[in-house]
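In what comes next, chain A is part of two complexes: it sits with chain B in the first one and with chain C in the second one.
Let's look at the complex of A and B:
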């Protein structure tokens, strides 16, 4: 009776194949598949998660710690009036089709991004650029219409990577960049394959090939990781399983931070949230740690303002809105809502919103605010909440790096209209002195925390589960990226 | 027969036209703009407008409907808003996963249901019948995605015989079949349970007919009667159910495709809906409607061929 079982097991062992000697390929899973492969014409973070730093590079780039590093530009100089940036390009940079990358390509890229009919999702990054010139093939000069100290930071975004005019028409299906990996194949719905680019200008990566697989279902993610079909899962979608992976010697678990400030946004343009007292009451009714524990299984760092805690310019401002239901009730009474009120709480699909929303609803009920919870798909959320501004409360994570300037846009969905803040942001973009910028950023953080524009919940964490022998994976997400240049297998 | 065929053909065309209008309306009325979805939270209104123009979304709805309809008549399904590849190409790629999976599952369920149904019917009221009936109760009750997870847990995680999901492509047919095995089993078992029950009751009905008694009276054994006379006549309702199951398997594997992260039609439509890739949703649904309506048309013709009374009755 044991024979058939044994032969089956033997067959399975044969199918599994012999253990590889020294592994030089990697299969890494992500939850979301890119819609197409042009990082310069869509907001989808999944595009950058596959291509940023691997296939495409910009003049500058984000390092693993969020700092701005030279990319295709070796160095840059700023004129004294802060209006002209001169970038010296690296020698010997080629695109994956073999053509040289030069200043004309940079000019093409930036002019395309800021053109009138541009489909760049972050067009605002290029707003202050008045002119881009290429005095010689290795030099790019950018003239600004007003000083903007954040230019090197803006150019590090995935939306500012350098593309070539020759390959732009096919970029959505067959991206051609300058990075250490070239695009090989995309089996839609399943995987994208990259291979090491032999003529890369910089240090060659340890990996010869990398496959990105797309697994959206959390249960399937768990199964694929446990069965070791995949070597790593960046942005692991089921935090409840993490302890199981931590306890298993085959795996390692990295929990990093992201640029995602998760906020309970309030409609400042509409009663009752146009009343600062009501907003303060909501902010005091929220118990951040309960939300992090209940909705995120303990993953996440509480925040008191719209700024990433790992940023050196972050201020801990949670004292402006500690959990204090008594005070929340008193504030409500002062605002004329002693009996509370009813409002809407519209939730997009991610679990931070759906699970967090239930807890927020319960916490608000405890101080007398009833919420009608509606679950929305992203497309609906964008239409109703973001564009239509038809909401009382919503929960969303703002994943763009250093995006406190959204509070200077009065037409932005939460509709915070404060001229002082808008002036502050103008001053900030015109300032390139680091100490002065820090001071302005501190003022900005304090202003929105004091005004209780939104209730600031927590910074979204970024869990990665990986084979225990993998080295060099990014732990944090200073921008959405899966930088494989430094990844290798331990002996 | 010709007249009958022509009237059926005309009603087929009208059904398809009405279906296309309903699908277009329902999909277009759902809130959400594909361009806004793609550009995210920081996009400026003029960028969204530029993308809408690029995608051809600034054209009026009736015009877009006619474009889509006209394109489909010539086999051109349009270009996906998000992926920017021809929809026909995307559907063809996905069919290479979904169609074999549906066939595989159908074969499995038939191979299980036929012997099980025969066994139960021939041993009516005995232990084997009770066993099969109980098993089918269970099979009908267990949701297929839950069963799929159990399969993954056992065969992929604990035993390591199969991978937990994914699809390597048809370059290596054996590997491809292997990747489809667990999903096919998960899809097949609940279907097999239903089919077994239909098979059993249909056989039992037939076994009660007069001609069966006559055949027995002629001296045929129980087994001979079952094989030669009952089975053939009991097959008609079974084949109808198999036909229905096939279209269900083709369109209804969405959840199983999610559990096994297979790049099939179900997953395509799932993604397309959340990304508001309207043209993909419309075209895939239209294709499925077309498949179901054509199958029904073929069944109608087959019935008419078998039963002349149907040809003249309106």
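Let's look at the complex of A and C:
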């Protein structure tokens, strides 16, 4: 939703001087602050939320609807055997330090991401790349070890954005990218400031400057929004306040979908959750609608497997785990836990987890499973649960797009180890025929739903509260991003 | 009895009574959620309304009173149990190195911001009601130690103590048999005040998530949960807020009233 006439208006305002009424800066709040500013070496989605599409760009990119659009590559061709991709880079692309972006930078980026010692959080994206060459400054050739139809999709991720060897050492504090905004300042604990990059290759954004504020406390978020200290809040943390904003003519409320499958994850590597019957019992003890209503005030779509409902390949598999406490108790008895058992439920900070956890605790108690609830901060959660795998149950939203392949990683935190599923994912990445891919994705969804690897709760909604005059904000979250390139102020 | 004392007694009795009653009966089960009934304003079914999970707030306040009182009572018990003997000991060895050591240690504990230490303790050992008790209890020790020492020192110069010493009683026996009984009224009054501060501290800790963990109801957490819903359903914040105010006010009035009643000097003034 670009509005070029508005960028003209902004330019006119600039000429007219600061006294002109047209606003050209934006203060937008997010709940989470990034730990550092290198999207290519951390799993933290908060980094992408600030920098993706604003400061950093990849060869391809996600559009607002989740489709794959050309990014720094203007076009690409695939060889007949599906093994060679040739990307034509755009002309006149420069990094914010003034150096030109060319094929060598792309080669550097991809080689760095897939290197043995790479810190990239999504190395699997680059797994099939055998070689990257730069025949000339405007052309990049990627040779694959096996056909992978998802390569343009993989390269659109925030983990695959193009970085320069000149600025890589300081990237965590002073990121240098090719995007329409350059990084200005990071006041840790408070805000990150971006400013329009004058030599951007593409259409100049309407905004001259943007400030990302980090407000983790829902009450403070409400106060800041009401006082209009901030112009927008992307991912507003307290759904119970939304009706109030909707009723207020000063604000608009957008409720979009995300790639966030919110799951009650079970530790498949540990008793008692290594027992499929116990997992099935947990899945049947859960009343999804109560969790959505109670924790999210009705925002969210129930899911029955690890797949986004807005995806055309989604299957409704909730019949594998309907709310049925009687059956849950029977399954527990069959598994040898007629008297129930006690386990841990470790919860990260977002309200879907904290509130959802209390509801899940009550629902599990009703079938005889006692949970000891522990509230953790994100750093502790990553340490204890994600890396340490020291948990029985946890609730978390998986916001990466199309991430069902995490079930093929036995060392992933919920430790699902099923060779059949791993084989299925191998087959999937080697398949480029769309119909065949759909069939494989259906099989995969069914397999994890049948196995009750985790209890699938709901697809996270993405509420944005914004000044009523703002235009062009992303409503949905096809990937974690706050793309400001198309954002402008209405008259 | 003064009006202060009666009002204090009545308020305290109300909450203690509710807490005791909750052991045998509450209007609803506090752990049963009914999402469809959430955020209902007070009515005949739910006298104080329901919270965001559809739990009965009156029942939660009753059980929450139990949590608050238990935490504060044990914490004050720790403070008194350790602080008073320390203070008496220091007074018995007045102006010796032991007196110095005990009192400087007390100053040290006193100088730490208690909430920070409480957060530290719960961060290391994990948040729970027990750790909240320990955190609050530790900071009650210097209060009672100072009080006991300060009140005991002038007593040691009195003639009846001299008589006891002449009779050959040890410092320990004199402290226990002659000093402590003379401090009792002071300690009761201070204990009541500390008890109310303990209730506040418990509410503060559970407000930041470091007190009793869900599903055990606690007033501080009820307030924290209600925070974003004030505009939507004011009663979810007002009710636990009033409960905390009522309980603390009651205990303070009770403390004041008891002091008026027990302190012989004030009694003389009144007559």
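One rule holds for everything that comes next: the second predicted complex is superposed on the first by the 469 of 491 C-alpha atoms of A that agree within 3 Å, B and C clash if a C-alpha of one lies under 4 Å from a C-alpha of the other, contacts with A are read in each partner's own complex, and residues count from 1 in each chain.
The rule is short, and it goes like this: contacts are C-beta pairs under 8 Å (C-beta built on N, C-alpha and C of every residue); 3 or more make two chains touch, one makes a residue touch a chain.
What you see is a predicted model, and the numbers here were worked out from it, not measured in a lab.
J.: Between chain B and chain C, positioned on chain A by superposition, is the outcome a clash or a fit?
T.: fit
J.: Tell me which partner touches more residues of chain A in the superposed arrangement, chain B or chain C.
T.: So, of the two partners, B touches more residues of chain A.
J.: After superposition on the shared chain, which partner residues are touched by A:240: those of chain B (first), chain C (second), both, or neither?
T.: The answer is second: A:240 touches chain C but not chain B.
J.: Report for A:403: first if it touches chain B alone, second if chain C alone, otherwise both or neither.
T.: Touch status of A:403: first partner only.
J.: May I ask you to decide whether A:219 touches chain B, chain C, both, or neither, giving the answer as first, second, both or neither?
T.: The answer is both, since A:219 touches chain B and chain C.
J.: I'd like to know which partner A:355 touches here: chain B for first, chain C for second, both or neither.
T.: The answer is second: A:355 touches chain C but not chain B.
J.: Just to be sure I read the superposition right, which of the two partners does A:293 touch: chain B = first, chain C = second, or both, or neither?
T.: second
J.: Once the structures are superposed on A, label A:432 by its partner contacts, choosing first (chain B), second (chain C), both or neither.
T.: In the superposition, A:432 touches no partner, neither chain B nor chain C.
J.: Once superposed, minimum distance in angstrom between C-alpha atoms of chain B and those of chain C?
T.: 7
J.: If I apply the document's touch criterion, which positions on chain A are contacted by chain B in one structure and by chain C in the other?
T.: 219
J.: Enumerate the contact residues on chain C facing chain A in the complex.
T.: The touching residues are 31-33, 35-36, 38, 52-54, 126-127, 209, 213-215, 227-229, 231-232.
J.: What does chain A use to touch chain C in their complex?
T.: 218-219, 222, 238, 240-241, 243-244, 289-290, 293-294, 355, 357-359, 361-362, 365, 372-375
J.: For the complex, which residues does chain A have touching chain B?
T.: 8, 12, 15-16, 33, 35-36, 41-44, 116-124, 172-173, 187-191, 213-217, 219-220, 223-224, 226-227, 229, 349, 377-380, 382-384, 386-387, 398, 400, 403, 406
J.: Where on chain B is chain A touching in the complex?
T.: 30-34, 36-44, 46-47, 50-51, 53-54, 82-85, 90, 93-94, 149, 152-153, 156-157, 159-161, 163-167, 169, 178, 258-264, 267-268, 271, 273-276
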